[in-house]
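Take a look at the structures listed below.
The following pair of complexes shares a single chain, subunit A, combined with subunit B in the former and subunit C in the latter.
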Partner chain A sequence: MTSLPETTQRKLGLVIDLDTCVGCHACVIACKGWNTENYGAPLSDQDPYGAAPSGTFLNRVHSYEITPPHGQAQLVHFPKSCLHCEDAPCVTVCPTGASYKRSEDGIVLVNESDCIGCGLCAWACPYGAREMDPTAKVMKKCTLCVDRIYNENLPEEDRTPACVRTCPAGARHFGDLGDPDSDVSQLVAARGGFDLMPDLGTKPVNKYLPPRPKDQWEETDILAPFLEPVAESPQGFLGWLDRALERL
Partner chain B sequence: MRHQDIILDLSPKLSDQTAKTTCYMCACRCGINVHLKDGRVAYIEGNRDHPVNKGVLCAKGAAGIMQVTAPSRLRAPLRRVGPRGSGQFEEISWDEALATATAWMAPLRATAPEKLAFFTGRDQSQSLTGWWAQQFGTPNYAAHGGFCSVNMAAAGIYTMGGAFWEFGQPDWERTKLLLLFGVAEDHDSNPIKMGLGKLKERGARVIGINPIRTGYSAVADDWIAITPGTDGLLILSLIHCLLTAGKIDLDYLARYTNAPVLLNEDPSSPDHGLFLRDANGKLLVMDRTTGKPMAFDAAGVKPDLAHGLRRAGITHRPVFQLLAERYLDPSYAPEAVAERCGLSAKRIHALAAELARVAFDEAIEIDQPWTDFRGERHEKMTGRPVAMHAMRGISAHSNGFQIARALHLLQILLGTVETPGGFRFKPPYPKPPEAHPKPHATATPGQPLKGPHLGYPMGPEHLALHPDGSPQRIDKAFSWENPLSAHGLMHMVIANAHAGDPYKIDTLFLYMANMAWNSSMSTGRVIEMLTDKDPETGEYVIPRIIYSDAYSSEMVAYADLILPDTTYLERHDCISLLDRPISEADAAADAIRWPVIEADRDVRGFQSVLIDLGARLGLPGFVTDDGAPAFTDYADYITRHERRPGIGPLMGFRGAGDQTGRGAPNPDQLQRYIDNGGFFTHHIPQAAQYYKPWNTAYQDWAVDLGLYDSPQPYLFNLYLEPLRRFQRAAEGHGDRQPPDHLRDRIRTTMDPLPIWYPPLGDDAQTAQDFPLHALTQRPMAMYHSWGSQNAWLRQIHGHNPLYVPTNIWVAHGFADGDWARLTSPHGSITVPVAHMAALNPNTVWTWNAIGKRKGAWALDPAAPEATKGFLLNHLIHELLPPKGDGHRWSNSDPITGQAAWFDLRVRIEKVSPPPEVQPNFPTLAPPHGGTR
Partner chain C sequence: MHPAPSVIIFTTLSGLGFGLLVFLGLGLPPVTGWVAFVFFLIAYALAVGGLLASTFHLGHPERALKAFSQWRTSWLSREAWAAVAALVIMALYALGAVFFDTRISALGWLGAGLSFATVITTAMIYTQIKAVPRWHQALTPLHLSTASLAGGALLAGQITIAQILLFLAGIIQIAHWLRGDQRFGEAGQSIASATGLGSPGRIRAFEAPHTGTNYLLREMVHVVGRKHAQRLRLIALGLGFALPLGLIMIPGASHGLGGLAVLSHILGMLASRWLFFAQAEHVVGLYYGARG
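Here is the complex of A and B:
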């Protein structure tokens, strides 16, 4: 069994805005591309042009329909990847120490050379955020692009996870959630960011921003004055027109 | 090992080379950084400096890495050796392929150029392909706009001198309220997502008006689940509400639109319904100061909306008065239209009130002086921060031109076009319809056409008709059947050529258009037409088909000669101001593609092939005076071709490299583009950024850049006089007369003020027998067929269920895993269903173009795209059901010829699951004759 660090110096993670995510899957493919080329074994594809194509992804977007008791149904796009939990059950369950949480920034990683592919961590993760790569036979998971965020070969502005850099709608944010003054912490505070399934006690670092209330048409007619008729008849309308033009 | 001891490489090198070019995974044309390792594409990300995407990139763009290794890539030129559709080909050399094509086409040019029909699909090089066809001399050329979104483009250009997407955009920085009408989720792709992100950040309100709540409508603050085809009715009702309340921008209307222009109101006058003009042909308005008629652009004129003029016994009134009379009518009241729109009257009132509130109570002002075309200086720029965007959802209906016109009328009445917070044009737009070419279609053996094929008719005199009144073009574009078909009608070409209506052709030459599958209506019948033989001669009815594509699409199997294209990372291209550039509202911009990797197959970029064919055929412009090829390839053409002296495909780095817009060809131009990140941007000065059609600073900037040769200020066309000219002809006036069977339709549909009429063919009996509307949308992560061959993207969208709303789902007792038969007046399909609550209750829908034919695109014949994926195309006929009058009535907008995909009506029934979707077609053989 593997132990977690008692504290981490920083809590790097993602803030994902469910009000803005249009469900375009840009983050999914940018992640696939980066992590196929970098960090450990490539993310493989099985039967890519065949009858049952499947592949390893570290980030997937799910769509959920919500039908409130009153009002119209809604569709929420929900990107999901490792939440880099403070109390990560995937780490403590690991029999070899391959699964670990970094003390310097809180990122949860798999040291692939020690991974025996037993899959216990994927069972332990309540979020389904880990995928066993069938070709490499090692466990793959979000690295928070640890090989981008400190990468001295990248310009400063590109030292963010690939999913954040590519997100067209700007629905993904990256930063230190352990620092209450960071942009991401401020955003979480302002928008009521929440933990995914907090009752499990995993203390996820990643946060989600909830969709804003939708379809809030005023039930009372406070907008009625904006449509007050200017006249009761076509002749009256022409009279209004003449007067209105005179005022220009 | 303790994890503290693990040494990670935190700074791996991305690549050994970064090449900056332009994406082509959809039509959006974002800038990309292609990272290469040992010449292999290792990673693709967005280019931060690029004007379109500013660094971001969608799923399609990042998946481009799998496109260049797709097994469906064609390998070499092919000649058909088995029957059409058998997929039996042999590989031939390029010399043989080009000699064959030349031998087929040269005699046609010498005797009957119209026997060659050249149509291009998702072509981003239309200024070259169109010019080639013009030099060949065939009238039969167009790209895919006729089956895409010509209603939006034509209505925009006719009404206000520009349209959405490539020609204009919401003022993302300033708008406070955005209305999105029926937007396909890839037009345009990243800029809309980026824009929505900005609005969300600012807390601006987004309202989605769409039968389906996915994508952009899913994140919209409010969703209006309108019934398909009724957007025009909703919009005209909003106009009714705003007019009634006087919530319109009278100052804007008087100054910048034809609202004050005087209109002949005497039904007995030959000019009834036409404008009053002065001796110089200038539109006349009443001047409010003097009470006298004056030219619309006279210095100091104060155009009046309230008073008319009686001259020579004829009453003239300002356009605005007709407009007010029409839309104040109670038939446009929310209570009168709500049920047909599938909405409550209260919701329409609330939407109108919100438009009025934001436009007038939240108006914004920018401290930026500017001078208008009448010479008047304005100290500020005033904006009404309401923006709107629409694409195929309102466009692909047979009433779509008038719906799009209504939408622009709404924008203009609120004063939101080219003002801060509203809608902004992108150079080379604004450009009024008069400044566009007129159609040219008179073929002369051995000679080029006298001008471009496509254009903007201003009256019956510009139609493409033979002296006997029959259509000059194979697709009947610019005929009385669809007079303003500015993009042609690609969806009619095969059906008309097969029927010999208006005439037979010899060679069909297609580029990048999957006409044997998802780009045709009634796919199965089109396949029959492509393989049909004349019983007397035993020859194919369409004798020769040449096709160019980079991949083994369904269409490949139906061609006789295949000219294999490269992928987008292996080629040159230019995204040109002569064509469809990548400008932004505050800058002109163009771009290139260049070969960032070398093709590993015997393939050539289609544009280079076309230039080669042009030289072999001796087309003017493609050969020098001594008959030698004028250009070595497309790159050479991009650099050296001049459309007008000093004006070429690319605006940047001209002359010695320091001239923009105008300047001599620069042999180093492409390298300069490459060094600059693959694009070039030329910014519009601050004082010229809004009010562009009337702003002298913008007009001067545009002339300087070479967009036009003299300032061209104009008025927006609330009343569209060219439509009235066609109506006058239908009423019996003038030399050019429509056939009698079309007179009524022209009179009723070509109303010069926007109207709404039910989609053609939507009669009471059809509505009763086929109570549901059926739609398609494109997913954001896939672009037409191209995505499904992509190993990563097909894992996101591998098949497409039919989404069914709750009421229908319950009524038919559907459960997960069920299948349904969907029947239209034209045919049936049997497909898997899925439940969706966020859906208009009378609408079913599916994702577009995921369904594949077995064996196509180098996919396993058992691929889910072929066994569970499907097309709605089988249910849609290119003709309306016969009316018993002997005429073939096209399933298109009667004004523009836009394919009416979204007029589709169906009924649904639960059936026991078949082994695979129906209809299904025989498996296509791999195009190279070998194993897959």
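Here is the complex of A and C:
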């Protein structure tokens, strides 16, 4: 049913640390691997070894350059997947009921056997979290690895989404964001986690942690500027070369 | 947004077909017998042809019946209901008019109302999408419905009503473009709000997540066809509204001129619909550095 649940018992989601992410794309590969080999239609590739490769991914890592008014430019790697919004616009537009938000844990899923592939949900999502698979012709999206997190056949440490499990930098965290005492909620509170495009009213569950301010180069000695510079002009062979080139 | 030919043809033809059904239902003109048969044939060919074209962009058209289930929340589902209801009621009305020389007015009014409702539900599919600010405005349903009614009046041969509606629809078309041009700015989304990285300083998309293209870029960050936007707007306005208006204002206009007016209107509406999609910008483009 495409009516959104009024409340969900839990709000499972991800917290992504933009300070820690190194942009290695391991989460992208782990996601594609797990979600191709397990639940649902595989994530296909088109022309993978040809001139114009293209494929379906549920998680993609953008990179942005930030130039603060003072100090060094900074590169921020920005992984983006479904935010499992509380007020998910992708769910309510679905004409068939294929898209739904679970009332028990808030995960937004697609029932692929009901999907007619109209693509309207992908239009409705402001974040580009949904991609139509050109081979299966159904809508694919992050399932929060629903087939891992409750899977008792896996060792307990593996019962997290594939992207979280694989992240070598520990930049991805999984948990219940509806519980203020959970590790992820406390992390969000401590680091000032934020929503993407909050004005659109989607109320995303996933949170992003901002990059920490970088160290600034500070003067180590107040007398340093008054010291005579050491080696202003090159000496020896380089000095001769410098003079010789100037004379030319 | 990607201007898919199937969706452009669907909205243009169906809009026209349901517009004509509105007038036929209202008894404008009050046709019966063979004349009614031809009128209803044209209306159904356009409306049903358009609906069939729309199924071409579905990944799984064989599951289309499921689309009737979510009318509580989904405008696309409501559109399916409205379209089928309108077509069934108008078919009963047409049956009376064509074969029994009887127009059951109440049935006609109901059918006209449902036909108009179908156009509104189609418009709401686009209007509801906040992620496409150009569509998310009050003028969108007004634009799509007046265009549909103007075309319907033109096809129904209602010269006076068509003149008023073509003029009105043309004005609303211009207003929709001008308001639409400001909508993205008004929506207030930027690369800073999209990434939450605005505060530390100037932000620039440095690298895309992938070397090639992807579904999102093909479907929602489609920029081909914006190049000739101003020229296409003039073509849409000229062929869609001005020329048909001029043609039907010629005193004693013949069927030939009327047909020319309809043809011109359809070509103009195709250009208008192309722009409706091609010029619509989705906020997901911000993640890829669209709009700086």
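To be clear about the criterion, the second predicted complex is superposed on the first by the 214 of 248 C-alpha atoms of A that agree within 3 Å, B and C clash if a C-alpha of one lies under 4 Å from a C-alpha of the other, contacts with A are read in each partner's own complex, and residues count from 1 in each chain.
Just so we're on the same page, a residue touches a chain if its C-beta (ideal position, glycine included) is under 8 Å from a C-beta of that chain, and two chains touch if they have at least 3 such contacts.
Because the structure is predicted, anything quoted here is derived from the model rather than measured.
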First (subunit B), second (subunit C), both or neither touched by A:Leu227: first
Partner chain(s) touched by A:Cys167 [first = subunit B, second = subunit C, both, neither]: first
First (subunit B), second (subunit C), both or neither touched by A:Ala26: first
First, second, both or neither for A:Gly55, with subunit B first and subunit C second: both
Subunit B versus subunit C as contact partner of A:Ala189, first or second or both or neither: neither
First (subunit B), second (subunit C), both or neither touched by A:Glu131: second
Subunit B versus subunit C as contact partner of A:Asp242, first or second or both or neither: first
Shared contact residues on subunit A - subunit B and subunit C: 25, 28, 52-55, 57, 65, 67, 74-76, 97, 114, 211
Residues on subunit A engaged by subunit C in the complex (per definition of touch): 1-3, 18, 25, 28, 52-57, 60-69, 74-76, 78, 80, 89, 91-98, 114-120, 122-128, 131-132, 134, 136-138, 194-201, 208, 210-211, 213
Subunit A partner contacts - residues on subunit C that touch it in the complex: 1, 57-61, 63-64, 66-70, 72-77, 80, 125, 128-132, 188-189, 191, 193-197, 199-216, 219-220, 282-284, 287-288
In the complex with subunit A, residue positions of subunit B that touch it: 1-4, 6, 8-14, 37, 42-46, 48, 53, 55-63, 65, 71, 185, 189-190, 193-194, 196-198, 200-201, 213-216, 218-223, 225, 241-247, 250-251, 254, 288, 304-307, 320-321, 324-325, 328, 347, 349-350, 352-354, 356-357, 360-361, 780-781, 789, 791-796, 798, 806, 836-839, 858-860, 862-864, 867
Contact footprint of subunit B on subunit A as seen in their complex: 17, 19-26, 28-30, 32-34, 37-38, 45, 47-55, 57, 65, 67, 72-77, 97, 100-103, 109, 111, 114, 146-147, 150-154, 157, 162, 165-171, 211-212, 214-218, 223-224, 226-230, 234, 237-238, 240-242, 244-245, 248
